[in-house]
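Across the two complexes that follow, chain A remains constant while its partner is chain B and subsequently chain C.
Up next is the complex of A and B:
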């Protein structure tokens, strides 16, 4: 079960950060922020030839209570997922691809401008359901 | 929360946009009808409104939008009917922002297309939305009302 899912633009501005109410939101924001550095480092060092277009970055760095995973799309939109060690996610890749799909549907809305904070109900519902560990059809 | 003043502005804005969409649709429709008829050799002149509705849904909509709306709610005088669209390809992925929620008919361009196309085959109709799932209504429904046959080929408004 994820405790935090965050979506960032290519300039690392937060588009959307969802945190589980049981966790301290500020701490989650801080962890997402620190993971940006790690993502940037991975991006600059990754050899473009080897990696697939949608980069699943895997676990970003170790932390005593949490595992933090990163994913970047080919438009440099970054997705960060944080889970607790005690309640690990079954499949982080699937979570990322579902967040990515929800983001794609969001961007297809003509009333949404890329770079705006995300307020779309379907997107929020998808992410909330994912955080609870429910797979989306 | 909006004051009645600003919701008045919204309604005006909505009306303006709806009108623009209808006009755009009209301009498309007057040209589209020729394309449609050229690609549908089996379509003959319709003698009743029922036939018009049938051709409109089963061939017109199918050709250009890939969907077949349902024809429903005929008036007792058989001069009015509804088209009910179950899956609107124009509205896929669309979410109306709050300020458009009550005033904008997102797919109003379709109404213009129908009006323009039918005018070119000498049929004057009124065409408007009565419901849209984007706005939270139960169904996406267009009401089409037959007005009159246009006797000559002069532009509408001339006698």
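Up next is the complex of A and C:
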């Protein structure tokens, strides 16, 4: 089960950060913020461990209580997912893929201007359901 | 997957030009069409790049525009791409879809320019979503051949 899902723009502005109520929100924000550096480093490193053309970046850095995963789209939108070690996600790639699809639907919505904070109900519902570990149809 | 007939979009495009002309006057038509195209290009790229591998270099991004974006909008690839290696690219399309049905005489040359504004907007929006702000202009020397010039404002790397 994810404890935090964050969506950031290409300038690293947070568009949306969802945190599980059982966790300290400030700590989650801090972890997301520190992971930005790691993402930038992974993007610019020439000898990437993963396939450098893959959008999924894998685990970003080790931490005693949490695992932090990153994903960057071709349009430079960064998605960060934090999960607890005690309750791991089944498939992080699947979560990223679904958050990405929800984001695409959001951008195609004519009432949403890219760069605004996300307040769209369908997007919020998708992310909340993903955090609880429910697969989306 | 079946597509709707091309004529539907051709007609819609033509009507959009007439609508803006009636509503805002001839000077504003290009601007309005370009703004529309910008949002369309932006969303198209967001959707299309989900399944693509990461595109890194400026040149790769422009090549993606010529091949995949052109195929999405015009159902064919762009015919020619030239660059001066300092951030200026020229995409050439020898049978520009919206001009193939417009008469090629000199009389309609000025009107022809209104028909490329939407496409310029699409390219501009697409590049903006990739992180490459740029200026896009189009020239029609010999209809239906159109040359779209992109001038990148700064590199993504």
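By definition in this document, the second predicted complex is superposed on the first by the 128 of 137 C-alpha atoms of A that agree within 3 Å, B and C clash if a C-alpha of one lies under 4 Å from a C-alpha of the other, contacts with A are read in each partner's own complex, and residues count from 1 in each chain.
Basically, a contact is a pair of C-beta atoms (placed from the backbone, for glycine too) under 8 Å apart; a residue touches a chain by one contact, two chains touch by 3 or more.
Every value quoted in this text rests on a predicted model; they were computed, and no experiment measured them.
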| item | value |
| --- | --- |
| Which superposed partner A:76 touches (first chain B, second chain C, both, neither) | second |
| Which of chain B and chain C A:100 touches, first, second, both or neither | second |
| Chain B versus chain C as contact partner of A:34, first or second or both or neither | neither |
| Contacts of A:55 with chain B and chain C, given as first, second, both or neither | second |
| Touching partner for A:10 - first (chain B), second (chain C), both, neither | second |
| Partner chain in contact with A:108 - chain B first, chain C second, else both or neither | both |
| When both partners are placed on the shared chain, which of chain B and chain C touches more of chain A | C |
| Which superposed partner A:121 touches (first chain B, second chain C, both, neither) | first |
| Chain A residues contacted in one complex by chain B, in the other by chain C | 108, 110 |
| For the chain A and chain C complex, residues of the former touching the latter | 10, 51-55, 72-76, 100-101, 103-104, 107-108, 110, 114 |
| Chain B partner contacts - residues on chain A that touch it in the complex | 105, 108-112, 120-122 |
| Complex interface listing, chain C residues touching chain A | 39, 42-43, 45-47, 49-50, 52-56, 129-131 |
| Touch list for chain B against partner chain A, complex | 92-97, 100 |
